[in-house]
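In what follows, structures are represented as structure tokens.
In the two assemblies presented below, subunit A is common to both, partnered first by subunit B and then by subunit C.
Now for the complex of A and B:
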């Protein structure tokens, strides 16, 4: 073994290859760094830096014992940060650390190959964290570059040239493409997401919590992520009617609102007093890790999800991957009067936070025996008239936030208003509840759907009015109508907090930015719909369209194996046939031989064309004329010094009439 | 009866090659293919090694070719005490001119028959083999060109190898072809036995070609077209012998060159000005068998095994 190595030394990778590999690994690790703890990223970055330095000055290259030490430190680092070397984050952290260490021992060609392949794994690991199109494209670029480098490393002659390596990569990618498609379309899908396979999901997404405490929604407002997409079957409702209900909060302790435990009497009140125009639409909800769903005020029917009490939609389990559901809503619905128990529950006041000035305020509205509707109107007028400001940066409120907000700070956003308003209504004897959801939606002209952003999160109030059921009241709108009308400007600028400057709606920059965002989201939606959402059901649908629905789940496996084999066969055939030059004369002779093969007179292996012809004539004297004519044309054209350009046409003419048959 | 019948002389030298083969076939019965190979070898400016038992007509063949082609002929009987000077010639002091005069040896003939070449010592062998390769001889510091055309037919007796010096593979490579004559078929052997004395028959043959025509034919061979497909085929054959693992070592580029040249000559004899794959196949056993050693065997291959070992495995264009 040792002597063989001495005779055939493994080629030492050149510096440029090592440099490229290092840069590629850094590029591949870059998107992963922010998803891991900073200590992991810092350790890996230090190793990368050491690698780059060692490429320049060989003295920096750590020796064997230092490498062992670094490895131990790296493992300890991962254990210290995540407490485990498995799981999504711990595993990814360990993998990144080890790959960075591997870069420090690129001695032989084999090391480069291993590191390049490990980079491929690093790429795969990242899809456990994020499956967006942008990341996929970026990582595809990294993989492409990695394959090109690998082709260069494996080049038998020379190397160091981009073109042949790129050609190899392109050819490999093209050959892999059909197989990838087959696997994507037909490989049996797990109906459970990958997360259920023991990978941890401790990273809860920023979303709604089931409690409301002034300050909590503020984070949502500055969150620039998409909440869900809506595709209306017909005309969408006007913007100020787009209230997306998600959660109903019943209980308050004066500071925070929670769902509480409202008494449930009888079946959910689905009977609607008056049904105005219906609205059908489809929602694609981004993952929330929660069960609640959103629908336009007020959903009456839904497909694929549960219509819970209080006209709320619920998924059968936590939404961990994008969820698609259809809803029918009625905008001007009237709910029937709830039970007395529920009514009482909606009147419960927090103990100890009701101050005399609050009572005085409510009493002033209730004066002269005004009815409930008048009280609501007066309350809204109060918010409008007094110096209430809408701001995303409210001053801190004391132990009694409702009182402080109403009479002292008077600065806040929807949660403050909703919370105060609902409390005041209960004080006035009007049953009320807080509703959490989203307000508004941005039409995407390119994708033909509407986008609802996390920054559209909103809170409002529903009051129970006699004869009208639960009625939506938005105290925030009373304060600052621009909260509803001017919906985009602040969001457009990255939901800046506070808003630094305002762009006019029609400014070209604003239009451009809006257009760009819509375009990007429509691509994202397509990616979501056609790639990420491609599920087991879609596969069965595909089978049914192919007329193989009866095969069921076995059909998928059978179809995959068959298609895979066929594709692989085609690729292999292409590989086998590729080097043959497309000589028209050769093709004619091949056809000639195929015709003769039908009557059992194919050329023997190693038999030349002339010998073959003679054997054919000996076996079938009746074919002597066409066979010798063919050879008399073909042989000089193929092997002679000055081929006649008309030969191909003549051979074609001859072959048209040449269809030998077996003799009886 | 004693006078040779005047043959109708065909117009072109190429056509007259056919006449040469016809006349030769009338003397050496049943060996048309071997005769054709021998002529091919001559036209391709190669040397011929005939390996066979004594008495199957090796000498007759050499003599006959010399007669029909109008070449002067010399025969060297190789023995263990043969000296290089016996082959090349020797400078002798001439008293009249008071100088050394060179007496050319038998190698200064157009057709040399080196009989039983493996009987001589390597030193004597190499004297001839060097002359074959260089087509010139250096004696006493003076380089003398050998006659043109120059054609050596060497014979080797495969039996009774005791006390012989068999040609090593590297020397065998100097011969373009190696053929075996073998016994004639039964009916032809009967004709032979019943017929005239071969020696007299050879002596009566009139030349069909003059040396100038032979030289012209050799030029024509070079001009025969070998299409790229044929060159590819030859290369595939060479590559196969090197890569297949069936042989101890593959064919040399010199073997490849000889193969192409021989195939061209074979094509010319077939009346074509281009090479067909069949031409390559026809000369391959004669050109290559003596240069190949089967892997795991100590000896060069039989010609008849070449077909099975190589031709059937390399796709024909």
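Now for the complex of A and C:
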């Protein structure tokens, strides 16, 4: 039951408070604007502008009917843009619109309070879009300012305007921190959502799609985002061995490569060439909205995720938030010979794209009855010897990309090389497939892990060699390093892959940029690991470490209540104890009473000093003079309007000679 | 319809029971009210309830979408709200209130009390609101180790001692999410004189003296002895309207010629039946006599105030009237 009595006049917020709130709302809404449709942002911005104008010229303030009209227009705008008022973006848009409208109606303190609550909600809504540390810090500032504003609205006491409110808020926030930590660590989490409003799948995320056509990978390569982080248990593999497999593409129409439908013949077993080269590591994958995962060539076991055919990792559902998984890979694994059906599938050629000069080229390699390995070697030598260029800005290819690339343009990116190489191999009768993934990783010395960026995206080929199984071949790596287009590679300053072509990156600017990027990413990784990824499993792990693992979720709840109460108690104890200092007058009176207690004349509970003094004098008339003198000094000083500062010294002098003794 | 009086009685009984159950902070023998832990009530304000509801929505949403940052933020705000509740409580705990009555007033006027507030400990007390405060818009703040004062106003109806009664001290410090309050009973009483009748028969012996003098017609001009500030109860006929028109304030004219008159204002000389009306008429006679500058005395059944003149005599006589026939002479 709320009890709000009407006898206090509702304070009217002043102009400064309204201005302050408006600026706060604008600051809180800013990070959201680029995530919403421009029409929503435009409407909100217009309302903000109107609000600021109305603060200066009161006549601009819209009346009630205009406000109703604006509200309807705002809702219609949201509906028109998103088609619904629920969902992540629709909801956020509606929210922003309502908050901006509320700003135009700040008549009473209550309106400011409601607007502050809406602002708090807007902050939480933004965490559905972005949970980065930077945004969190920024919005924490906004929330701190919002609390200060609330304190300022509440304290109508005059004086320095901002200072007392800021002091109050700072103290509250500092005291709230330990409690927040306890709740965050121990509040039981859901391991699966209770309901799904379909908040996701609205935003295109960067990452691979399951097809490859010219230009698809190079788009990724200019992207500066992180793909995943890796923490190796032991020594990481050498840089040229860090091929992260993600997808295997079997089918091509001459331009596009797709997964196709390779015939499956039961689970593939794995023959290990050497057990010594096992690598155990942990991957934290950034959200991709896809199911496929990445692992070092070649994964043999994984925790928490599925090891699918062709030695690919799959998540149980689309990766919508960062996913952590452990993998064991073997670098020199040898796969068994596939079934005849699969072998045939890996030899299919796209109809109508094979030109005579392609056939002639392959025939020249096969010429003297060379075996498959020799053909592969000759093909690689061809890419190295001929004037093939590596560039991120390849010229457009005609209707037959492979032929045009091989014999005319000869400028391309890894998908061009992989696509033509695989096609040529099939033409030579060697089963081949294209693999999509990442190449290389950048060690982060600060965080002790490796970073793999979207710019490390790569495509290569696997060929089936008799007796060796599927063997990785990277035709891009065969390009002569002198023919690398440095201009386009320089777009990757700080994000380039030094492994692929051993590009010289010792310019101090590049090193500085790399160092800064590593530092920023190690902070990001810690944030990801300790805050964003903290889950129900981590909580149970914590319980287990405390020896309470057997209690399960109930134990967690009990532990939370107990720890929270203890922390709250400690905080409150600090609140009570710290500011207390005994009044010097009271201390003197207490000493006076102790002296009297020695002769059995202690004050009764509830007895005031005056009554007590009267009783003492009645019992011991010989003490009348000092007792009445003491009280004559003490009472007016203690309860009077303006105590004389010399009273304490006088009381001390009096107490020095006051040592009553029992009468015999 | 027939049950309506029954229900009213029930409701009255319930209200009385509830009232009896309320804990109040009472004065100790020194007349100081100390607010203890058990006398403080606390409930969320409407804003606090809305805030709580929004927090709940945030909590459910963050839990459902496993959004740890949202959870962190929600927990922080919840912790802040919880601490705000304790701060509100601590803001009242250990407050010491002491009330002092102001000058005596006539029944029907507002009695003023001065309430001094100080806080034990070194905390600054902010945003204290007192029921009956003269300036309701301005909450009281008590800096650490100091004391603040506040004027309280109580409307009076009857003569005698008007107790201050219950003063509710409340606070919404620090964020307005919770309202903590305490019912206090500071012990203080203000003296209330009977409201003077507008007209009263002249007291015996006045005759053609003070009452019958024609005022402002020129005859009494040489007797004019100056003016003093207007006091409540002065006859409007003695007001210096010219001075008022010149914006010199409300003044009462005094006349030299009236000095030296001796008047006995006597209960027995009046014939009015109702004792309160008779007291009101006596009050009027006293005021008129004092305004005329006469020496006057007061005779009540069993009490007599000897002849004297001046302000102090007027107060003494009015006090006799105020307390006449009431039990326990000093209402403390």
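Rule of thumb we're sticking to: the second predicted complex is superposed on the first by the 517 of 664 C-alpha atoms of A that agree within 3 Å, B and C clash if a C-alpha of one lies under 4 Å from a C-alpha of the other, contacts with A are read in each partner's own complex, and residues count from 1 in each chain.
Please note the rule applied: contacts are C-beta pairs under 8 Å (C-beta built on N, C-alpha and C of every residue); 3 or more make two chains touch, one makes a residue touch a chain.
Not measured: the values here are computed from a predicted model.
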>> Looking at A:531 after the superposition, I want to know if it touches subunit B, subunit C, both of them or none. Which is it: first, second, both, neither?
In response: second
>> Contacts for A:83 in the overlay, against subunit B (first) and subunit C (second): which applies, first, second, both or neither?
In response: neither
> Does subunit A have more residues touched by subunit B or by subunit C?
Replying inline: C
>> Going by the contact rule set out at the top, does A:605 touch subunit B (first), subunit C (second), both, or neither?
In response: first
>> Quick check on the superposed pair: does A:639 touch subunit B, subunit C, both, or neither? Answer first, second, both or neither.
In response: both
> When the two structures are overlaid on chain A, which partner does A:657 contact: first (subunit B), second (subunit C), both, or neither?
Replying inline: neither
> Common interface residues of subunit A with subunit B and subunit C?
Replying inline: 606-611, 635, 639, 641
> Where on subunit B does subunit A make contact in their complex?
Replying inline: 225, 227, 229-230, 273-278, 281, 307, 311-317
> What does subunit C use to touch subunit A in their complex?
Replying inline: 28-32, 43-51, 54, 57-58, 61-80, 82-84, 86-87, 90, 98, 116, 120-123, 126-127, 129, 131, 136-139, 141, 144, 172-176, 179
> Can you list the subunit A residues touching subunit B in their complex?
Replying inline: 586, 603-611, 635-636, 638-641
>> Quick check on the complex: what are the subunit A residues that touch subunit C?
In response: 1-4, 7-9, 11, 109-110, 113-114, 117, 120-121, 123-124, 127-128, 131, 136, 139, 143, 147, 150-151, 153-157, 164, 168-169, 172-173, 175-177, 179-180, 183-184, 187, 189-190, 193-195, 199, 321, 531-535, 568, 571-572, 575-576, 579-581, 583, 606-611, 635, 639, 641
